[in-house]
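Labels run A, B and C following the written order; every chain starts at residue 1.
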Amino acid sequence: MLRQVETSRAIAETVALCRPEVVCAYPITPQTHIVESLAEMVKAGQLQPCEFINVESEFAALSVAIGASAAGARAYTATASQGLLFMAEAVYNAAGLGLPIVMTIGNRAIGAPINIWNDHSDSMSMRDAGWIQFYAETAQEAADLHVLAFRVAEELSCPVMVCVDGFVLTHSYEPVDILCQNEVDAYLPSFEPRQVLDPAEPVSIGAMVGPEAFLEVRYLAHHKQLRALEYIPEVSRKFQEQFGRISGGLLRTYRTEDADTIVVALGSVNGTIQDVVDDMRQGTSAVGCVSICSYRPFPLAALRAALGSARRIVVIEKSLAPGIGGILSTDVRTALSGTGIQIFTAIAGLGGRPITKASLRTLFESAEAGKLDELVFLDLHSELIQRHLERESKQRRSGPAAENLLSDIRILAAQIG
Amino acid sequence: MPQPLVKFYQTGTFTVGNRLLQKEDASVQSDELRPNALTSGHRACQGCGEALGARYALDAAMRAAKDQIIVANATGCLEVFSTPYPESSWRVPWMHSLFANAASVATGIAAAMRVKGRPEVRIVAQGGDGGTTDIGLGCLSGMFERNDDVLYVCYDNEAYMNTGVQRSSATPAAARTATTPAIGSQPGNAFGRGKSVPLIAMAHRIPYVATASVAELRDLEYKIEKATRMQGARYVHIHVPCPLGWGAEPRDTIRIARLAVETGLYPLFEAEFGTITERNPIRHLMPVEDYLRLQKRFEHLFQPGADPQWIRSIQEIANKNIQEFGLVTEATHA
Amino acid sequence: MDTEVLNKCRGWLTELFQARIHGRGGQGVVTAAEILSIAAFIEGKYAQAFPTFGSERMGAPVTAYCRIDNHPIRLREPVVTPDALIIQDATLLHRVPVFQGLADSGYVLINSAQSIPDLGIGELVKPLPPEHCCTLPATALGLEHIGRPIPNSALLGGFAAMTQLLKFESVAAAIASKFPGSLGEKNVAAASAAYRLGMERTMTHAKAS
C-alpha cells in the first residue's frame, strides 16, 4: 500500500514482513527510528514470533545475530558509522562463517572529528569484509532492498548490508509502497540454513583453519561474490515480475545510450544527478548517469558495458581514501582499464555537506569543457584551508585542527556578512 | 553442595565414583556411558586443568539437559586445542565466533531456540579468564542484565595461556607471567589488583552464581547440573590449573587445585539473586606456602632475597577470604 | 491575476513548490513539514519532507523542508530557494538568515502576535506581494485549542489559507493522521481557527486589490 511515511518506518515495516526471528540492535544516529519501530511492532505483537533484544553495544548486536543465525533463525540488525567500526571484528566473522544476516547501515561519517551526518565512509570501511553491499537510491528502494537482501543472503549463505543514506533518506518523509505479507511470503521462503547448531545433529562451527586450507576458504568467499553477480540480477528480475517495479539489481543507467559524459554514483545523490542530467539535456550536453546498487560484488562487466562508449566519466563519491583520492573511482577505473576513457573523481558530500544541483552542473560542464582536474573536492572552502595551513606553518602548538577550522568559519562569515 | 561432609575420603588413587552409590548419586564421570562432550584426541597439554574442567562441566550439563545442549565458545586454549583443523573433539553442537562475544553469541542462540519453540535446549557459553574477566566482560554484563537464558562457564587458569602466559585481570598477586615478570622490587603481578567476576555476577543479581574447582568433581557436577536446570542468566566459575603456565607438574593438577581451595585462596560458594546461599567449608586448612611451592610462577617468593612480606600478604588474602566467606567451620581441621 | 497564481489559488501545482520551516527544537518543526507532506499526498501529489539536524536539544534552531510536486521528486539537496517560509519562532528573525533565497513572489508566515512592521522586518519583505506576508498568533492558538504552546498545527492552517496550495480538509486529515484521538482533534481545531483568520485576511487583501 502506498503511504506517505518516514523511510525508516518503511524499512522497519518491510523488514517485519520478512519475518525476522531475532532482531537485536544498539541505538546510533541515524538508525534509531528503524529499530524503535521494530521494538514497537514486537512489543505490540504485530511481529511474531520474534525476539527483540536490547543489546549493550554494537559488537554485542552483531554477535547476538551471529548466534541466532547459526542456530537457524532469520536475524536482523542495523547500525552506522562508529557502531559499524565497533562491530568490525564481528562483521568479518559473520562473513567468514557464511551467516545470512541482513544489516541496515544508515550511512554516516566516521570520526574524528565526530560527525552525525551522511557520507559513505562507514560502509566503505567494511567493503572487503565479504558482505554483499547494496546502496539504496530512493526511499522505495531502501525498503524493497531488504526483501531482496534476505533472499540473496539465504540463497548464498552470505551476509548482506543495505546502505541507506543517513538523514537524507532515513529521515525523509516520502510516498513508499509497503508490500503486504502474503506477497513477501511468496517471494521469500522460510530460512533453510546450510549449517545449523542442533543437538540432533551436532556440528562444530568456527574452527581454526591453518595455512593448508585458508587460501581455499578465502577463494570460496571470492567465488561466492562472483556467484552473487549472477544471482542478484536474477532476484531483481523476479522481484519486478512479482511486484511490478524495478528495485535492486547491479546498476541502473539513465540517459547513457548516447552520452559523452557519464556520471557514476552510489545512493541518493543519483536523484539530484538525474535532475541535473535532465536540465543539461535541454541544452546541447550529452550527459547521462549510472547508479550502482550492488557495490559488493562490484559489477565490473556490467559497468564496463554501461560506460564503454562514453568519452569521460565523472565519479561522484561520498568517500575518501586520504592520500589517494577516491574509493569508488578506483573500482570504476578497474572496470574501465585499457579503454583510455578519462575518469574524474569528485569527492562530495562528506560529513553531510549538501550536494547541490548548481555545483554538480558546474562540475559536469567543466568536465565537458576539459577544464576539470582529475581529482576535485566539490565546494571545498579554499580560504579555510589556506588559513589553516598558514596557522600550522607559523607555530608548532597550533591547537586542535577541527576546532580551529570551525572558529575560522565564524570569522570569515562575519567578514562577509 | 548441601550434603553431609564425608570425613573419610580416599586420596592417592584415581578412583572416581563409588560402586555402592545409586546411579543417580554417582558422578557423571564414573558412568562408562558418559557423554564425553569433549572427547579424546584434542591437543591439550598433559595435565591440562581446563580440558578436564570442560569435560566435567559439559558432561554434567548433558545429563541435566538430557543431552540437549548447544555450546558457544570464546577464543582461547580450549577452543584452539579442541578443534585442530580438520578435526573436532566436540560431540555436542558447538560454535566459536570471537574472543569477546561468547556471551552474546549464546544469547542469540537462546533467542533462536525460544523463537523456534525449543525451550528444552539449554545453552552453555564458555571461555577462559581472558575472554571472560577482561575482553568479554561487556558482553557478559549485558547478558546478565537482560537475564538471558544462558549458563556461562568460565575456566579460570589465571592468565592468557593460549598466547603465551600473559597476565589477565584474574592473575593472582605475585604470580609471574610473561607481562608481569619476577624481577624488580615487586616481582610478579602487583598486589591489590584483579576482579572477582563471581562477585560482579552477584552484583547483577542473576538467578545463580557458583564457584567450583576441578579438584571437587561431585561439587562441580552438582553445581553445573543445578545451574543447567534453572532458567535465566547463570554463571559458574571453575578454577583450572595450567601446568605449563603455572610451572607445575602435570600430575599435580588436582593436588594444586585442591590446595587452592584448602588454603582459602579459592573459596567455593553458591549465590542466588545476589546473596550467598551455600559455601563449602574447608576440610583441612593449609598454609598458602604449600600451594605456592608447587608452582614455578611463585618460585621467586622462596628465593634468597625474597621479602617474606609477599607470602604474608598472600596469606592475608587467604585469611580475608576465609573470614568473608566463612570457610572455616567446626568441620574444618587444621 | 496570471494563470500561475490562479492555478495556485485553485491548489493546482504547475511546478515544484518548496517550503522551508524554521523554528526551535521542541516546537514541532519537523512534524510540521511531515504533516505538510502528508496533506499533499492526500491530494494525490508527490511530497518530500526532511529535516536538517544539529545535535538535538530543546531550543536549538531547527530547519525542515517540504517539497511538493506533481511528479516524483528525485532532488536531495536542502531547499535553497523556498517558495514559502514558515517561521515558528520570531526570535530567529534577526539571528538566523531565515529569508535567504526566498523567491520574489514567495510566501512568509510568521508565528507572532505582532505585525510585520513591529517585528522590524518591513524592509526585508518589501519586495513580496503584501498578501503573501502574514503574521499569525499561532502559539496563542495552540494554547487555546490544544492546551500547549505548540504553534505548528495553527501555522499549517494559516499556510493553507494564505497560499491556497492545499485544501484545508487535506491539512486537517494529515494532522489527524499524525496525532491520535482527542489530541488530533485539538490540533485540527487550532489549525481550523488559524485557517479562518487567514481566510479573512485573504478576503480583505482580495477586496483591497
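We adopt the following convention: a contact is a pair of C-beta atoms (placed from the backbone, for glycine too) under 8 Å apart; a residue touches a chain by one contact, two chains touch by 3 or more.
Bear in mind the structure is a predicted one, so any value in this text is a computation, not a measurement.
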Taking each chain's centre as the mean of its CA atoms, the one lying farthest from the centre of chain B is chain C
Per CA centroids, the chain at the heart of the structure shown is A
Distance between the CA centroids of chain A and chain B (whole Å) is 45
CA centroids of chain B and chain C: separation to the nearest Å works out as 67
Rounded to the nearest Å, the gap separating the Cα centres of chain A and chain C is 34
Multi-chain touching residues of chain C, meaning two or more other chains, are none
So, in the complex, the side of chain C touching chain A is made of residues 33-34, 37-38, 40-42, 46-51, 53, 55, 73-78, 80
Within their complex, chain B touches chain A through residues 67-70, 72-73, 79-80, 83-86, 88, 90-98, 100-101, 104-117, 121, 138-139, 141-142, 145-146, 148
Listed in rising order, the residues of chain A that touch chain C in the complex are 3-4, 6, 116-117, 138, 167-168, 171-175, 268-272, 274-275, 354-357
Chain A contacts chain B in the complex at 21-22, 24, 49-51, 53-57, 59-60, 63-73, 75, 89-90, 93, 97, 197-199, 201-210, 212-213
